[in-house]
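For clarity, chains are labelled A, B, C, D, E and F in written order, and residue numbers in each chain start from 1.
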Amino acid sequence: MKYADEFRDKAIGLGLARAIRSEADPQRPYRFMEFCGGHTHAISRYGLEDMLPKNVRMIHGPGCPVCVLPAGRIDMAIRLAERPEVILCVYGDLMRVPGSQGASLLKAKARGADVRMVYSTVDAIRIAEESPEHEIVFFAIGFETTTPPTAVMIRHAEKKQLENFSVFCNHVLTPPAMQKILESPDIRSIGRAEIDGFVGPAHVSIVIGTGPYEVFAEEFGKSVVISGFEPLDMMQAILMLVRQVNEHRSEVENQYSRAVTRGGNPRAKEEVCDIFELRDAFEWRGLGLVPHSGLKLKQTYARFDAEICFSMSELRVADNPACECGAILRGVKKPVDCELFGTVCTPETPMGSCMVSSEGACAAHWTYGRFRDRQRKRAS
Amino acid sequence: MKYADEFRDKAIGLGLARAIRSEADPQRPYRFMEFCGGHTHAISRYGLEDMLPKNVRMIHGPGCPVCVLPAGRIDMAIRLAERPEVILCVYGDLMRVPGSQGASLLKAKARGADVRMVYSTVDAIRIAEESPEHEIVFFAIGFETTTPPTAVMIRHAEKKQLENFSVFCNHVLTPPAMQKILESPDIRSIGRAEIDGFVGPAHVSIVIGTGPYEVFAEEFGKSVVISGFEPLDMMQAILMLVRQVNEHRSEVENQYSRAVTRGGNPRAKEEVCDIFELRDAFEWRGLGLVPHSGLKLKQTYARFDAEICFSMSELRVADNPACECGAILRGVKKPVDCELFGTVCTPETPMGSCMVSSEGACAAHWTYGRFRDRQRKRAS
Amino acid sequence: MKAHRRKVDIKHGCVDLSHGSGGRAMSQLISGLFHEAFGNEWLARGNDQSAFDVGAGRMVMTIDGYVVSPLFFPGGNIGSLAVHGTVNDIAMAGARPLYLSASFIIEEGFRFSDLKMIADSMGQAAQSAGVHIITGDTKVVERGKADGLFISTAGVGLVPEGFDFSAENARVGDRVLISGTLGDHGVAIMSKRQNLAFETEIVSDSVALHDLVARMVAAGGHGIRLMRDPTRGGLAATLNEIAQQSELGFSLQQEAIPVKPGVAAACELLGLDPLNVANEGKLVAIVSPDVAGAVLAAMRAHPLGRDAADIGEAVPDDHHFVQMATSFGGARIVDWLSGEQLPRIC
Amino acid sequence: MKAHRRKVDIKHGCVDLSHGSGGRAMSQLISGLFHEAFGNEWLARGNDQSAFDVGAGRMVMTIDGYVVSPLFFPGGNIGSLAVHGTVNDIAMAGARPLYLSASFIIEEGFRFSDLKMIADSMGQAAQSAGVHIITGDTKVVERGKADGLFISTAGVGLVPEGFDFSAENARVGDRVLISGTLGDHGVAIMSKRQNLAFETEIVSDSVALHDLVARMVAAGGHGIRLMRDPTRGGLAATLNEIAQQSELGFSLQQEAIPVKPGVAAACELLGLDPLNVANEGKLVAIVSPDVAGAVLAAMRAHPLGRDAADIGEAVPDDHHFVQMATSFGGARIVDWLSGEQLPRIC
Amino acid sequence: MCLAIPAEVTKLLPDEMAVASVDGVSKEVSVVLIEDLAVGDYIIIHVGYALTKIDPDEARRTLELMRELSTEGQGAMQ
Amino acid sequence: MCLAIPAEVTKLLPDEMAVASVDGVSKEVSVVLIEDLAVGDYIIIHVGYALTKIDPDEARRTLELMRELSTEGQGAMQ
């Protein structure tokens, strides 16, 4: 795999690890949040934690669109899928996400709801064309990376004059959530994370560019490095963050220059702007209501908005009170700090958002990293 | 089973057999046609042939509504069932009846047509109510016995204002077919059966009474006995026919006086008259076009007539030229006289109408009686 | 940090695709439900196959798929049926049934509570037949790709020294013995089909016949030519098959053939012949005339053979016809049924 | 007057309900299609079970249901798979596979031509594995009540004296051997799923492993603790099961685990881990360290073990973790997959 | 097709339906085609409909006649 | 969810589609979001869409930089 394999080179990786170890000041902690679940997953998959010195700690952020989807939105989707005329098309990641009372789309499907896994929005359009007697709803989720394909699809549906197609929109935005973490008003109850810098998600920046992160460097004084997802990318980004901290710089640097520019992809941004507009606020699991963090269809595309077409009423479900996701997503606590972790809450039966997809902090730790807890225990 | 078991008494049966043997003149043949397939089936099932003297011969008539249905009507029903919106409800007997080129409803169902076996017209109405998004067509076949239930159902559908229900009507009448046998214009090619009397079907006469048969006694000089379907009923009826022949009487006698009257069932007749009217002619397998032998829905019920609702075009299919059904149904030939019998043509792969249902002359002989052919061969 | 194995929620839960995907959910379903129901040392080892010791000799193997609809019927369910049917096919070889294996194909959405009832029935049926379900497999398919649950059950058994029951063994002059009334199972199933629905007190005869067989073998020894359970297609299909394989005919006496009045009545209602209707707890034995009396006596002495009868004999016939003298005094052929639209009865 | 048995019209015909109802149509299908494909002396006897002679010793029995979708896939079809999978489960006990039985559950409308191709593949697979399909069963269900065809295949085999492979046999220090590249079968299947559809030259590895096993047993003898074929759930599920049963952990080297570049690429595309993807022609062997070299050499000398590798060892671990040193230099757990929505791969 | 069997009316139901029984087998049938039906009557049922009532006196008479004819036959042979 | 991988464009198709290949695995993807695409280009694909082209020079430079940094690290440790 060109542009992947070369960035997985063990020797270079060990060299970068040594560089990090030699440059990081053993007297101080380095606390970097990788916002994106993709990064969380890569850290776990390649075992990067073992390669970093103890005082360089990665904090898993809320950047998994599956994890942050509130249970109420899942319940809404289930209600929709249960309508006999509706076929709900979803990305596979969503099937097991828990709604209220242990419900999930997987279980709804088992009980008869027509839920179809799709790989791409293109498949949803095809299904709509093949099933004119059904209402096809695409359950759209994702960050800025995933929004343009949804926008393109709505434009296609318009062009093809599809009348049995709509979108249940749950697209969310990265920067407002980062801001929420930094200035969370409920600091007293959850605590505020001490974060020295952010590993920014390259796939988001392919679309929106690096510009939108400048506010975090300028206003919040945080170091930001936009990083690719291969292990060498991440090791380099961490080294860059260590250097920024050491040098008391707070800048937005672009590690993934092979695909990310300051301005992003203009076509993709235009597609999104044409079709979507900001919601006043959107609820995130673990973070609560985050202002201007979600997208909805513009009024002119209301006929493709499932929330309008089906008069969907907003459902709110309280998160499990024992779940520490809120604190974990802010970097205040670690999965093992949650008393449900690994006992009641596992990937088979997730109680909270972080246990849902393999990109969630708790799931990644359970699936790939939990052996370390024992090592720590033994060490202590 | 009251009113059945007592009419299956072996001792009385043997006594009636002896009576027939003693009263039948060994010097002359007695050729009686049991018009009805139900009688054919009873003869085979109880082995009555063995109990009659050789010169009293039963000729199997065309009275099986399944057997006489032309292949074209089956093709029409298959085309209908293949329409995606149509659910075709049929009596189970119809599933294997061959259309053209080996087609059948059973095979059409296997290939995806929605064909449902029903026990009663009541089930067809229920299916129509349960499946408002489908068009339910009832494939109506049968003689006078079976027509009143169809009529009742159409009246119900009207009362319930069912808009997704219709009937593909193939109801036929007994007397015109009997008349066709007696005065067939194509006598030269097929030959005319020598028939001394008819065993008339009691179940038909429960509805229409004995009156409609008087023409055969009066105009054609044939003896007629309306008979029940238990073996004693049939033995008695045969004895009554032997006596009529011996006494040179040609009358309509009623053996089944426990349920048949001269006038029949007035309610049932009224239901039928309200809804159906005579077709000018209807095609019978083996007999060809028979004038005034079929029913169709009256103009006022046209909205329940599938032939009109679905603009069904009449399909005609030539019968297999080697098939001797025409001659067999007229009593001119016997199943074994057909060279296809038991080799190419068996109940699994019927070539002609008489092999279709267990009431058909060929099928009944194959299923129950073919061991006799060997006995005959040995004897000769 | 060991994940505590939460029990499958049998009361409210249902099977979903995760229960068939080889992960932890599947393993929990298997251990929490099937192992519990079948509980034995072989399953507990958790292998994809199970081993057992055998003495030298002759074994039989059989398999049947069970697709009965409805899954629960008067007198049993698909689970008990899936044990009885396979045990019987082993027993029909004169063999002692030993071990079963079961393959479950489950439609997503199938209720755990139903699955448990079925598995429990299998476990009980196996236990009372003295066999063990030592290995199995579970697959889950999407909704609309199966009809709730299909079970395929294979089994092995040990044939006593020198026995070789087989369909070609019948000889002219042999007697045809039947172990009891015909058609009970099929009628019980049909009474529950929506479009036929009728009320009857007839229940399925589904039962394991190995013990009856053992008594018969003890009584008749090598005078028994073969046995068969007249399941799908009923007695008619079974005797026609034997007639073909053994190249002879049969001559039956209708009066001797036991049929319950309720079964006869249901058959009249539906236009069926009890001889074509399925049984799941009856056997036909073809036995040499010199042991027929002893075997019949042994059958009648056993609770499952109380209504056993000698219903006819094997006759020379190069057409391999099964003929019957009717109760009314005539004669007729008893043929296979011709692809009638019977419900799924096994 | 004998009805000549017309052959089933394999080119144009399809299965309808009459082929499952126990009548002549069913008997014609079975003899005209299945017996032809599997042709052997046992089936020819036409019984509901088949008998065979065994020497005293230890036997294994196994069963698997096959519900793969699509039925035909690059490198095989459900028929070959249904033989290989069951032969392999027998072979994994170190046993010599002997006899199979097959249960077919067919949806009405299934084309005879497809059925014949599948049955022929089964026959060929059985022949080249040296086993016989000695008994079977055929059921037909209504359209929409199955997904074309399901096959359940049971099998028996003979275990060599003194061998008792079982999942609880692994010991700390044992080596983990794998017979070849991982994930080929699963990727080949997934490439044909409508919503995933991608082009690849990867074909299923579906094959019978009994001969490879025999060579391994010859080389490693009682130093081999157990073998298992990493099918559904892939290597990850298999090793986690063994870890649980043997109450230890495993420590793997990612670099040692053979994965084809095309499989790796497809997994990247789909977000899957090759260690969770199914195989149908690979085995994992847990062997004592002193025979590991000899067994590995024997594997590599066999065409089906050309890419065999020693990928790690059993370690003490009361959490029964399967850990892996990643190619990149870190470490991680290799867990079961968590009910992902994989297609039906076996 | 013209399959019809005698059954006893064991219960009258609304909507011109009734329960008809034969040897412990009972089934709901339509009795819309019949007048003056009472529990205990015997009817002929066909495709789920009662076609007529059975006249018990006529049935008895027919059976008696059959017995007579049968004995005559016997006499004739002897 | 943000899973995206680099792939080579091996064929341009009508309707702003293209075939993208990775190690012999190829898949049709939408390239509606990309300008000036040519066969041989490498793209980043995500949920069936190409999000951008990969700049080969930048990729080379990044890798060189990594090598340098890695050797520096090596130096530092020695």
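Simple rule for what comes next: a contact is a pair of C-beta atoms (placed from the backbone, for glycine too) under 8 Å apart; a residue touches a chain by one contact, two chains touch by 3 or more.
Predicted model, so just to flag it, every value in this text is computed and none were measured.
Visitor: If you walk from chain to touching chain, how few steps can bring you from subunit E to subunit F?
Guide: The least step count works out to 3.
Visitor: If I rank A-F and A-D by number of C-beta contact pairs, which comes first?
Guide: A-F
Visitor: Look at all chain centres (mean of CA atoms) and spot the one farthest from the centre of subunit F.
Guide: Of all the other chains, the one whose centre lies farthest from subunit F is E.
Visitor: Farthest chain from subunit D, going by the mean of C-alpha atoms per chain?
Guide: E
Visitor: Averaging over Cα atoms per chain, report the distance between subunit B and subunit F in Å.
Guide: Comparing mean C-alpha positions, subunit F is 76 Å from subunit B.
Visitor: Would you kindly tell me how far, in whole Å, the mean C-alpha position of subunit F lies from that of subunit D?
Guide: 37
Visitor: Between subunit A and subunit C, what distance separates the C-alpha centroids? Give it in angstrom.
Guide: The mean C-alpha positions of subunit A and subunit C differ by 55 Å.
Visitor: Counting only residues that touch at least 2 other chains, which ones in subunit B make the list?
Guide: Answer for subunit B, listing residues that touch two or more other chains: 1, 4, 13-14, 17, 96, 106, 119, 123, 348, 370, 374.
Visitor: Among the residues of subunit E, pick out those that touch two or more other chains and give their numbers.
Guide: Correct list: 3, 5, 22-23.
Visitor: Counting only residues that touch at least two other chains, what does the list for subunit D look like?
Guide: 1-2, 16-18, 23-25, 261, 264-265, 268, 319, 338-341 - these are the residues of subunit D that touch more than one other chain.
Visitor: Throw together a list of every chain pair that touches.
Guide: Taking the chains two at a time, the touching pairs are A-C, A-D, A-F, B-C, B-D, B-E, C-D, C-E, D-F.
Visitor: Quick check on the complex: what are the subunit B residues that touch subunit D?
Guide: Result: residues 96, 106-107, 109-112, 342-344, 346, 348-349, 370, 373-374 of subunit B touch subunit D.
Visitor: Where on subunit F is subunit A touching in the complex?
Guide: 1-6, 8, 22-23, 30, 32-35, 42, 44, 46-49, 51-56, 58-59, 61-63, 65-67, 69-74, 76-77
Visitor: Which residues, counting only subunit B, touch subunit E once they are in their complex?
Guide: Touching subunit E: residues 1-4, 6-7, 11-23, 36-38, 63-66, 91, 93, 119-123, 141-143, 145-146, 148-149, 152, 201, 203-204, 206-207, 229, 232, 236, 239, 255-259, 265, 267-268, 271, 357, 359 of subunit B.
Visitor: If we count contacts the way the header does, which residues on subunit C are in touch with subunit B in the complex?
Guide: 194-196, 261, 264-265, 268, 270, 273, 319, 321, 323, 325-333, 335, 338-341
Visitor: Give the list of subunit D residues in touch with subunit C in this complex.
Guide: Going through subunit D, the ones touching subunit C are 1-2, 16-27, 45-67, 89-90, 92-93, 95, 99, 101-105, 134-139, 141-142, 144-147, 150, 152, 154, 156, 159, 164-168, 228-229, 231-234, 237, 241, 244-245, 278, 319, 336-342, 344, 346.
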